[in-house]
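What follows is chain A paired twice: with chain B in the first complex and chain C in the second.
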Partner chain A sequence: MRSLILRTVAPLIVGLMVLFSIFVLLRGHNEPGGGFIGGLIAVAALSIYGIAFGVETVRRAIVFHPLSIAGAGLLLATLSGLLSMVFHVPFMTGLWVYPVILGEEVPLSSVMTFDIGVYLVVVGAVTSVALSLEERGED
Partner chain B sequence: MAAVSSPPADLSAALVLQPVTALDWLVVLPVAWCIGIGAVLMMVRHRTFLQPLIAVAALGVLAGLDAALLWHVAQTGPVTMVMGRWLPPFGIAFTVDLMGALFALMAAVVALAGAVAAVTDINDSGRRYGFYPLLMLLMAGVSGAFLTGDVFNLYVWFEVLLISSFGLLVLGAEREQIDGAVKYGFLNLVATTLFLIATGYLYGIFGTLNMADIAAKAGPLRETAPLTTLIALFVFAFAMKAAAFPVNFWLPASYHTPRIVVSALFAGLLTKVGIYALIRVSVMLFPFERRELSLVIAVVGALTMITGALGALAQTDTRRLLGYLVISGIGSMLAGIALGGPGGIGGAVFYALHSMVVMTALYLAAGLAARFGGGFSLAALGGLYARHALFSALSLMLFFAVSGLPPFSGFWPKVMLVKAALDSGAWWLAAALLFTGFLTMIATGRLFLIAYWRPAGAPTLQVAVPATALLPLMALTAVSVLIGLFPETLLGLVQKAALTLDEPSAYLHSVFPAGSAP
Partner chain C sequence: MSVADLTFLALLSPFLGAIVAPLLTRILGHNAAWVLALVPVAIFLHFTGFSAEIARGEVVTGGYAWLPSFNVSFSWLVDGLSLTFILLISGIGALIVLYSGGYLKGHPHQGRFFSFLLMFMGSMLGLVASDSFLMLFVFWELTSITSFLLIGFDHQREAARRAALQALVVTGGGGLLLLAGLILLWNISGINQFSLLTAFAPQVKASPFYLAALILVLGGAFTKSAQFPFHFWLPNAMEAPTPVSAYLHSATMVKAGVYLVMRLYPVMGGTAEWQIILPVFGGATLVIGALLAVRQTDLKLMLAYTTVSSLGLLVLLTGFGAPYAIEAAALYLVAHSLFKGALFMVAGCIDHETGTRDVTRLGGLRSAMPLTFAIALASAASMGGLPPFFGFLAKEEVYTALSAFDGRAITFAALVVVGNALMFSAAFAVALKPFIGKRVETPKAAHEAPVLLWLGPAVLALAGLAAAFLSGTVHTLISSPMASAIAGEARAVAISLEPHVGMPLMLSVLTVVLGIGFYLGLARLRAGIAAVLAAIGWGPDRGFDQVMRGLVRLSSAVTRRLQNGRLDTYMTATFALLAVVLIAPPFLYGELARAPVFPQDIPLHELAIMAIAVIGLVAVVLAQDRLTAIVSLGIQGFSVAVIFLLYGAPDLAFTQFMIETLAVVILALVMTRLKLSPSDRRPLRETLPDAAIALACGLGATLLLLKVTEAPFDTTLSDFFNHYAKTIAHGANVVNVIIVDFRGTDTLGEIAVVMIAALAILSLVRLRAGSLRRIADNDPDAEEASR
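What follows is the complex of A and B.
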């Protein structure tokens, strides 16, 4: 879309939206949010980027093919579930570690990596759909 | 965000506390393995050379896992693992009994054969489109449906396999395929929606979705709750999935459109998932209601098998003909479900296992016949026997097997079903079974006469067929012959499976070792 205003503000909006999507993803463990909704916000950001600068720019910006991103997310989610095999507990049991980083205790868990996997699956799959729809619109 | 981690509440009362052994992991590994490999294949989608290598090896491993699971279940009885360590009925349980393990193993064998056959049938563009990742995800859905012990989870696996099957169905994106996919998709979504509505009612009545919990609680509720209505809804939804008589029109409208390997996999796997779910819900969860509905199911079964066989007689396209044979087989399984008891249910399970192998092999044979003879139309095919005698011999064995002639795999389930029908006095059902076998023999005999014995009309080019195309057909035929010649092991297993379904106390004990849920 040839709009100077959109092209000027798009990088700012997109950056903010991606940041916000990661915030929503991490917030999701105890409060509303999570991988699915965070992923959708990230897809909205990438779609705006695509509307402003064209689909090719987005494809270059995310480096990998959207479906490869989705595959990586699915693999990450599966491995998060399988991790509990090492600890002799059933599939998908939440496992926690509490490392102290810079004086702050940071709870990390396999639940979170599972959710990051969901985030990547949503980003990859829906971006793939959105980009091919935008591509149709261009020609 | 509070940085102080409060000491976690004591949850031990709600958790599984005994350590989980590696053998227990076999319950969930088939599904996790399929999803993980599907994800890897998605990431290497453009390495078209790597795709079949990974997929074939992975499906080989899957068959090994399922075989180990079957061995484990045969040794110890039903095995359970609950997701996320939460005690059932709150944690979602994967519970595997003999029937589930048998179906899962046979599905893996069929999928392995399909993946090998796809090496030559699916070209690079099909691979880039994602045939192998979709196949792995389809197997995740199919295995999940066979292994789960939770009704809503069963619905989720139905969705997984349905979505993957949409992708496989439109592989190639030809006009005819889109047409078939729309019919298939719409009618399957209707059936899935009915399944979901029935699941909602089930939850409304029982307040639980765990199968063992439902089976334990059905007794006292029988007086007050409309369980027969509920089970009728389930039966309708699953019968639609399985392509039973009045709601079978989606199958012949769509199964002839995709690539032949995809047709073969669908014929082997999808309708059998419907039959599996029907057996699981009607026989194990609601045995009394099944008895009340048995006449309806028996009539539907008889009509399905006879209309299927008559439909096969009328077709001129080999793929459509086989589609009607799939439907006809579903009728025999429904007859077994209607009859009940070890003979009937065991016969239905045995028939389903036989049908998985033989229908897949028949579709693969139709694909090879099209390569040798230049098409799927009976008018064009001819002279296959002169072209390739070994292939013709394999086809003839499969034709005998699907008609239920000894010494092939179709004979024993038919014997079990006919005996169960005669024992319960349903002579008309036994007659329908035998008459269907007769009609099927005529339909396949006609196919053999026209396509194999009739001299070729016009001399066609000699086609070189690589070993990978013939190998899966030979392997599946060998499985059918072996089952036919040495049926004792499988007969024992299916009868034991039917007994576990009839008297599910072992299943219940595996989910609730300390007695029933509160």
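What follows is the complex of A and C.
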């Protein structure tokens, strides 16, 4: 689809959606949201981008092969679980730290990195399916 | 290091040796054998250290916890029986390693061969040293696998591959029977260690499962020890290089079955079943093996069939249940390992130096290979039971056990005499015939074998001679402890070379006379047996092929029926079954839901949303083309998401919105990608059954939901999550906390599934994009036709 309107608006929408997806991902622990939903929003953003500009542009934009992104996510999630072994607590136990950054206490945790892993897996896996289906020629 | 640690290291060392063997062979060439032989020598010396204790009638046990929660341990048991086996395995193993150094000199994969051989040695040592059932089973199967590797070593020949596979199927399958049998024994007694099991013997014998356990265990033992009718894999295994035949298929692995029977004798032996099954199968194997041996002209095959025969004799003796039978089995087992290992290596020397193993194409080698001739004669004399060799003592003891004047003893004595006489003739056909008479032209000009080749058989032949002269010492250290361990009570072996006139000696003389007769009439005997076999025309070996072919056919037919590769068949089957599963149980068990009571005050907007969902569904069904149908499905999905939202599940609603959107996009992409026609027009007779199945599924799901919501809601879990989400997991969003924290391991599994699904879809899409190659359908008939 080579619609002029879409191509003009798409960068704006897509940028906002990706930003929103990360917002949803990060706030997930306390408000509605999380890695799964965030990931799906990002996929939707990338699909719009693909519809507007074609698959090649999307591939260039995300730099890595989508399956590499998914693999990295799976690795990150697994490592977040394994981190607990270092502290001699059972697998997947949530670990929290509260560093103060710029005068603000920021709660960071292995649970959050796990959720980021989920986000990356969803983004990578669904995007790779969508892109490969969208491609007309040889993959 | 304690003795237990050293023993563990000794059991482990062959595997360590197997790791370094290829590298060592690359550096040292065939001389690596001298270094690698140190491994079994060290094991031999380590276990010799126990012989004083064992001779006093003690046992050495040790080990480590393996699966403590199941009470399974990695533990060993060294008593007279296992010590004898360990010394045979490591002692003969050292000689075999040296022999392989010479036999496979210059072979490009000699390092790999050493590696396999040492792995086998480790497995076999582990098998005979095992105290725990599970450890025995693991090593039992390891010997099958390493034997597969060794038989198939020359993997470029089809015969070798077939023989390897056959041995693996027969012995590995038997191993599974053994596992079942051991588990049954474990269940009966509650014990999974041989050292403790003996005390439960009365309980085991009285159990109603005794016969089942016995048959299963014997299934393992008989396949491993090549008892008739499972004997066929052993001669075929002669495709292996000769060191393998000498080591695995005469001295060690095939005796694992006999070992098992001996090990279980104090627990399961002595019953009527035991004394019927074992002698009958053993006796049949003895005679059939000996007859088939005489029929062969290949040196190795003759020896292989006599091995089958000897294994039959051992099983017969273990099951016979007369005084001296156990002692005879112990003596014969040791004697057989010595002379048969030596004879195999002699056959290998002849093959190696002349280029043929066919006895009819060999003759007059005595001047060219005098040393080999001497070794061969000494071993054959031991095998034929002639004094002053150890085989003579064993045979005398065998006949002592059989010398009784009841019908059973006389029958079996007659069988054994005939079998032994046939083996006598086979022994001299191998050890005498190639060396005497006129010199026959052979493919290679024969000359004496190099030291690496004659050293092994020479040591074994000398050992057979020395053991007979030093019989007192041998009995104290080996025979008596072994017989005692088998019998489960103190036994003393006393037989020596001193002349003793009586029934056994007469039977021996009869055997030798008969044997000489058979030897002289060998050609006629061979032709006669061949004619009989040709008349029968079918044997277990052919049967094996037929069974395997049948298996492949069956699985191919089943697969083709169940997996026809059409998506609509799979979907129809899945959903039809789902409908049955949903609808049948409520009617069968009378658990139909009560008719629901409609609430009176449904807000108007909720009714409107439900109406939109229904309209969406109707639109799907009525849609003229696929794209409309896909989008209409989205209408229904969005309505459901709104309902989630209204009822306070924003996370769920959120996800549902995204999924619906993406589903529409992806389905549309799939449609264009697969180049489907825009609409799906099918005749009514195809759509009506589909509609019926769909309605049935919907009805079933409704019934299920109604029934589920009837039950009072258990709030324990939701209370727990609500209560602890903030305090334990530091999160206010309970749904997310459950996903990433409380049930995080589930999520990890799920995202792994997402990843795998993406990989699968991607490869499917690419497969479609690439050239449409026909995927091999493994049709056994086509494959056979193309041969």
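Odds and ends about this structure:
Convention: the second predicted complex is superposed on the first by the 135 of 139 C-alpha atoms of A that agree within 3 Å, B and C clash if a C-alpha of one lies under 4 Å from a C-alpha of the other, contacts with A are read in each partner's own complex, and residues count from 1 in each chain.
Methods note: a contact is a pair of C-beta atoms (placed from the backbone, for glycine too) under 8 Å apart; a residue touches a chain by one contact, two chains touch by 3 or more.
Note that the coordinates shown come from a computational prediction; the quantities given were computed from them, not determined experimentally.
Look at A:F91: by the touch rule set out above, it reaches both chain B and chain C. In the overlay built on the shared chain, the residue A:S132 is in contact with chain C alone; chain B does not reach it. Of the two partner chains placed around the shared chain by superposition, neither chain B nor chain C is touched by A:T8. In the superposition on chain A, A:T57 makes contact with neither chain B nor chain C. When the two complexes are overlaid on their common chain A, residue A:E105 makes contact with chain B while staying clear of chain C. Looking at the shared chain after the overlay, A:L79 reaches chain B, while chain C stays out of its contact range. Residue contacts after overlaying the shared chain place A:V122 against chain C, while chain B stays out of touching range. In the superposed model, C is the one of chain B and chain C that contacts more residues of chain A. Using the contact criterion defined above for the overlaid structures, shared-chain residue A:H65 touches chain B, although it does not reach chain C.
With the contact threshold set out at the top, residues 67, 70-71, 73-74, 78, 81, 91-92, 94, 107 of chain A are in contact with chain B in one structure and with chain C in the other. The touching residues of chain B, when paired with chain A in their complex, are 3-5, 16, 19-22, 24-25, 28, 32, 35-36, 38-43, 45-46, 81-85, 91, 94, 130, 133. Residues 24, 28-37, 40-41, 43-44, 47, 67, 70-71, 73-74, 77-78, 81, 91-92, 94, 96, 107, 109, 111, 114-115, 117-118, 121-122, 124-126, 128-130, 132-134, 138-139 of chain A touch chain C in their complex. On the chain A side of its complex with chain B, the touching residues are 65, 67-68, 70-75, 78-79, 81-82, 84-85, 88-94, 98, 104-105, 107.
Within the complex formed with chain A, the residues of chain C that make contact are 650-651, 654-655, 658-659, 661-662, 665-666, 669-670, 673, 729-733, 735-737, 739-741, 744-745, 747-748, 751-752, 754-755, 757-759, 761-762, 765-766, 769.
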